[in-house]
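A short worksheet on the structure shown next.
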Amino acid sequence: MSYQFDFAALLPYWPEFAMGMWLTLQLSAVATVLGFVVGTLCAIGRADGPPAVKWAVAAYVEIIRNTPLLVQIFLVYFGIATLGVHVSANMAAVAALVVNVGAYTSEIVRAGLESVHKAQLEAADCLGLSRAQTYWHVILRPAVERVYPALTSQYVLLMLASSITSQISAEELTAVANRVQSDTFRSFETYIVVGLLYLLLSFVVRVAFWLFGMGVFARRRKLGTAL
Amino acid sequence: MSSTLSSPLSPVVSLSNVHKSFGALKVLDGVSFDVGVGEVAAIIGQSGSGKSTALRCINALETIQQGTIQVCGHAIHDPALDRRALRRDVGIVFQSYNLFPHLTVEQNIMLAPTCVKALSKGEARDLAREVLSHVGLEAKADQYPEQLSGGQQQRVAIARSLAMRPKLMLFDEVTSALDPQLTGEVLKVMETLAREGMTMILVTHEMAFARKVASKVVYMHQGRVWETGTGAMLDDPQTPELRAFIGNGL
Amino acid sequence: MQSFGLIHVEFLAWAALWTVGLSLIAFVGGGLLGFAVALARVSGSLAVRAAAIVYIQIVQGTPLLILLFLIYFGVAVAGFSGVPAILAAGAGLTVYSSGFLAEIWRGCIQSVPKTQWEAAECLALTRWQRMTRVILPQALRMATAPTVGFLVQIVKNTSLASVVGFVELSQAGKLINNSIFEPFTIFVTVALFYFALCFPLSTWSRSLERKLNVSRR
């Protein structure tokens, strides 16, 4: 093996890598927040909605879980264009990621909702809380707390999967890598560096979720139960 | 067999010829009784006699097939019942406490007053302190339910109901899940409430407590009100069924 | 310009066979490697265990896309030029699958109660015998549902092999789109193909899971 590694050639590109990381974080953060909202609403709809809503959510989840993200991204990207609306690649990327992660979130949150005991709902009802108040104060927080580790893993996967949006020329870390490697012809080195940067981002996302969890789930914080 | 004991004031709760089935199983078979203001009514009977179902019907947790139930002026049997209005007048305490595990004791108590009665956080906190001192647990305000004993959790559950200032309190076998030592502390709280004039209906296995505190005892058997009277009725049962029940129980 | 027709569907059907083939390569390769990593992950040696943890963390913490690029360019760097796309794609997906399958199977192995290990040890079985005769047969029952579930992930992720030029379903869709530009029709059809492959697997996985839950009760 006579290959000479040359990482020095990549040094001048560090601002681009940094920008790529930042864009990837932004992209995933927006998709995570919106995906969580969409997924949670779907989970509630599936658990408690009229039959038509239940059916629609089940179909949505099955379709998304049984087709590749890459194809979903193409469909959203070209689909929006077909409607005659012009949006940036990054907007289409966020939309596709939200549609995708919303389905997975809804399945995870549904498991959490099912873990909340019926007696809790009865107690809330007897205290006079409305349906919405019961969901907000009594059901959602314990439900999400129960499945928080699964949600964390799902959103780390989302961050990694956001690399696929480079295929519609969305601006993020992998797109930066593709550009740098074609500028420098140092493909192997570039992807080693970017691989390490993604590892770093995975770690950052996990830490962020852990800190957020400590902030939101006060009981865990006080009683020292592991998240 | 039927109630002849008339309440001195207009009744807070009035059941008349209530029928309830779960599928083919008849659980309530023409139940009628009244509970007046300030009365403490104890419903006793074997498991399967329909006593817990009767209590749940009073709070509209079960729907009935026939008959009428009036509770604090609400027609429970009416499909157009305003449940939220009913909830403001009636508090209930369950056998399994059903505290919200992710909220502190104080937050458990503050939840309904802020959500339902739109009290400010400050007012609700003062209220929480007040009802907690009533059940002797002011020191536990910032603890989580899982940090408390069963008896303490049940007293918090009572305080949580009291915070809504109900006109009527229902107790569904609230000491059945507790050790004898812990049972005592919960019964003491209930006795205090009774002395203060709270109208209460309790489903219970504690015969000594029923005899001492209840102003009215309703003995249910096979989905019917079999015998009604004062606490003294337990010393002088009229029917062989009640005699057998007391014989087994004591 | 021609419009989307039967000939394109036929082309996609052929490409779907390549998707299936690539999935099988990834499953078999990833299964063998993943099994070794899972055993390493529960090994008695701290060093072996640590190595397995690092391997799993790296594979699970890097996008598959980047893994594919790394292997594609890495092979060239190692001096083999002109490696067929199917090998690069197969190797990338094998590594990816091994990292996830190892973690799934580790969970199954460790969910066998500790008392089973102790009982086997008290019967004087060697560590290897304990593993193969007592633990793995029990872990296997728990592993089937999530493993079939992961097969769905593998099938879907073969779509990324298109980035190293392997012609499977997604790449075939792109090629057709380049010639007739009817993206919506084309990719809906592509999605239907994927759905036809994945939905039966998902359903199977769920029914396995239900059966296991019933027998556990």
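By letter and in written order, the chains are A, B and C; residue numbering begins at 1 in each of them.
As a convention for this text, a contact is a pair of C-beta atoms (placed from the backbone, for glycine too) under 8 Å apart; a residue touches a chain by one contact, two chains touch by 3 or more.
All figures in this text were calculated on a predicted structure; none of them were measured in a lab.
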Fill in: Per-chain Cα centre nearest the global Cα centre, belonging to chain
A
Discussion item. Measuring between Cα centroids, what's the chain most distant from subunit B?
Written reply: C
Worksheet entry | Inter-chain centre distance, subunit A versus subunit C - centres from mean C-alpha coordinates, in Å | 21
Fill in: Length of the line joining the C-alpha centres of subunit A and subunit B, rounded to whole Å
47
Worksheet, complete the sentence: Chain-centre distance (mean CA atoms) for subunit B and subunit C, in whole Å, is 57
Item to complete: Mark out which residues of subunit B touch at least two other chains, giving numbers and ranges.
Response: none
Fill in: Residue ranges of subunit A in contact with subunit C within the complex
1-3, 62-63, 65-72, 74-75, 78-79, 81-82, 156, 160-161, 163-164, 166-167, 174, 177, 187-188, 191-192, 194-195, 198-199, 202-203
Worksheet item: Inside the complex, what are the residues of subunit A that reach subunit B?
Response: 119-120, 122-130, 133, 137-138, 141-142, 145, 217-219, 222-223
Worksheet item: Which subunit C residues qualify as touching subunit A in the complex?
Response: 57-58, 60-67, 69-70, 73-74, 76-79, 152, 156-157, 159-160, 162-163, 170, 173, 183-184, 187-188, 190-191, 194-195, 198-199, 202
Worksheet item: Which residues of subunit B touch subunit A in their complex?
Response: 59, 61, 83-84, 87-88, 90-92, 94, 96, 98-104, 111-112, 115-116, 144, 146-147, 160-161, 164
